[in-house]
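In order of appearance the chains are A, B, C and D, and numbering begins at 1 in each one.
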């Protein structure tokens, strides 16, 4: 009985973590779909988003949830600047050069975070969280809000991709870059918008993660591996798969704490990812942008 | 600074350069020759370092050990352990495309770091392993040399050996096949080459060399903790060295190690003296920023590095007109 | 020498190759022609071990080689070239050829480290062979050039040169004349003929250039819609009404499948 | 003034030139077909005209204005639409979305344009919510041509529009191309089904090894014994 309660309790945590991972993985997947490389600085974009959001509510004294749009804007602009300053110039070379560059960019972003906000641990003023008890399961209000925020962001993204001209153009580019070019779709503009959205989603993940736990300069890097695992599980380049991937990885990571040290959570994500790569190098879920 | 201080600094400087040059040569084997993307260098580095440390240290209540093996056994153990790790990873990732290999290697490196940090029975966790000796110190003392100087000589000796092996590998038919596979896989396969075998060999040998670098580091530094194997030190600097120097070119790997380590350690000195007070607390991140930006500049302006890859002198006699 | 038996391959329900059988005789230059999408390349790729057939067999002498990987076929004496030349881009022309010879002891890393003298001796022998091949193909003047900088026709010659670096005597040529100018085309077809008559090579080639086919190949097999529709000498083929229809289009139904 | 002129074009994919002085001209209201053996440079010529390939020498004129080595986007703005040979639809997008992508550069209401395409291809209206990737080859070809028509082009360039289609669908496709021409659109296409294509063509070019060999009206080329020989050599 206790085990069952533990399991349900951990599942709740798993869905919360999975929401955060999904937001990150969608961005990774979208960037891969259009630019064809694994973006290693994605975790650090999350970190930037979390800190910008925190600064915004600290400075303006706004309610905590205002951190979400503020952080998303900050990270979206950061991603755009990084792309225009660096990635743009090496986009025509091999994708692997972009991979190396983004690995370096991860460290650049992290050191900027350390310089601007300092190395110490910070946290969002969530106040005292009094959990609601459902049966013997504790449900913390912020967790509900995190899941709701994720649903809102994902729905907005879905509407953007399926209803707007530019969203459809993004899907078209990820389908077939050459055809998009001869159709007259302005590739550079679509790439810029991809970075804005990818950055915003990363920040969404970062702020929610920051609200759920604490902020450190390495928070994004530490969660990058599970994010990649979620993106690969969902079939990299396929954002809707990334949502499912995020939930599976999130649940697996939390439930693993029943029998493993919690610090091994990222390793659990990694093991699942390797298993997926061995069995199905294309990822598990089928779908498309 | 006094002369003796400068001399001591230079000894330590070149010892680090030597260790990093060994790592860069190992990476060159994997990336430069064979085109395999490993950003988990820190993992192989760590396995080598801890293996040698555990094999050679006297008994300690804090971690596995007490075998008290000789130095060379530690080195061999480190090489074998990291080669085995390379074998397993290379075998798993053989069929994967570059991006997945990158993610998988960083995953294994981070997982190893978690193990090192958490399995205290094995490594004493974050408190680290201390008291790793320089078993060659007595020998050099007998020659009237300091143990630091001894470390430099030992590291240089291994560096010469590694350079010799890697450069010969590059010039050999084996290296030729590696480059052929990197350039055009279907054509290499149509030329009868077993691509899987060659790939794996380059990955394993590269991993073994990284393990050797780890072991030398352990004995020189005398203390190991998970901190040393953060991706920044263990992987990122090595990559910047190879890219800056010129991947595919072993001399480039050496040159990159010297230049980047000079910038890296020089920036520490510079920032400790020249930084305005308001920023003095940020010297660490500023240095990382500097190297990170440097990498971007190299990738944009000179992606083939300072010394681009050259064609090995395959012609021992000149029949050409 | 090569016997193809009832090879069949479908992609997404469409028969790219449909029950094709024929034989490549020892010492022949066998041509394979047909309109785009006839299934020639698919057939080729099945023989060369890049695509697994749905059914049917490929025999080399008396050995069943169906589904063998290209590097395994190589060691049984069967090599191929590519429609688009596959050079080792950033390696010199000379190195491109030096890669090929099998069983170089220096391909073993330990041998390279420990027995450098032997490795170098072998390399010298390989080099002599390389120079001979370069002379034969008359591309010695670009020996130190990066292969990526060669013209399309020179790359085709280099591709042919790679097959000459082996002991293989059966060569599959995928459109040796595609995108090559007249002068070089003459050189290529000359090289093929000389390899055939002077050195006993057996060739099977796909080609669209009818001049090349009619001057070199006997017999010629014609494919359309994934099926073999005619075989014989070039003259017989030329007077075959079905072939004429297939090439000019219109008459043949269900012209579907993978493009050539 | 010709709608499109590409005169004495030299170019290729790096390395040696594939096109060696080829020339193609198209008027309004005419179907122009390029035929010739494989490797003759037919598709290469289309790409060179559309700015997908570097033209090393020669000039491309649109309504008398030079557009040599223009960007594809620029060509679309001028009213030139191009349908590549393979992979010419966005598979994960619906039919309707594919059409909308065709009109990406058009400001304002695109519904009348969609209606116009649905009139030419009524089947697409029925299938407008279907993913293009799940459609048959013939239907995909309709989507691709419909997508190109969305810019209301004055010139439509088709690279082997009947490749991989069954004879019945080939006939249908050619009929549709005639209807498109009758809308006042110039059509330039490359075809392997030379006989049928020449039969509907107003003019035709025979290309071989990157240069023009023959140029005449479609029926005349069809009747030309030498042209027929070219496909079988000799």
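Basically, a residue touches a chain if its C-beta (ideal position, glycine included) is under 8 Å from a C-beta of that chain, and two chains touch if they have at least 3 such contacts.
Note that the structure is a prediction, hence the values are computed from the model and not measured.
In terms of the stated touch criterion, chain C and chain D have no partners in common. Between chain A and chain D, the least number of touching-chain steps is 1. When every chain is reduced to the mean of its CA atoms, the largest separation from chain C belongs to A.
For this pair, chain A with chain B, the centres built from the Cα atoms lie 31 Å apart. Mean C-alpha position of chain B lies 55 Å from that of chain D.
Chain B and chain C have Cα centroids lying 43 Å from one another.
Averaging C-alpha coordinates per chain places the centre of chain A 49 Å away from that of chain C. Two chains count as a pair here when they touch; such pairs are A-B, A-D, B-C, C-D. Listed in rising order, the residues of chain B touching chain A in the complex are 37, 39, 92-93, 95-100, 102-104, 106-108, 110-111, 114-115, 117-118, 231-232, 236, 239-240, 243, 279, 281-282, 284-286, 288-289, 291-293, 295-296, 299-300, 303. Residues 165, 168-169, 172-174, 176-177, 179-180, 183-184, 186-195, 201, 205, 309, 311, 314-317, 319-321 of chain B touch chain C in their complex. By the touch rule above, chain D contacts chain A in their complex via residues 50, 52, 72-73, 75-77, 82, 84, 87-93, 97, 100-102, 104-105, 147, 151. Here chain D touches chain C in the complex through residues 12, 15-16, 18, 37-39, 86, 137, 160, 163-167, 170, 192-197, 209, 228, 231-234, going by the rule given at the top. Those residues of chain C that touch chain D in the shared complex are 35-37, 150-153, 155, 175, 177-182, 208-211, 213-214, 237-238, 243-244, 247-250, 252-257, 259-260.
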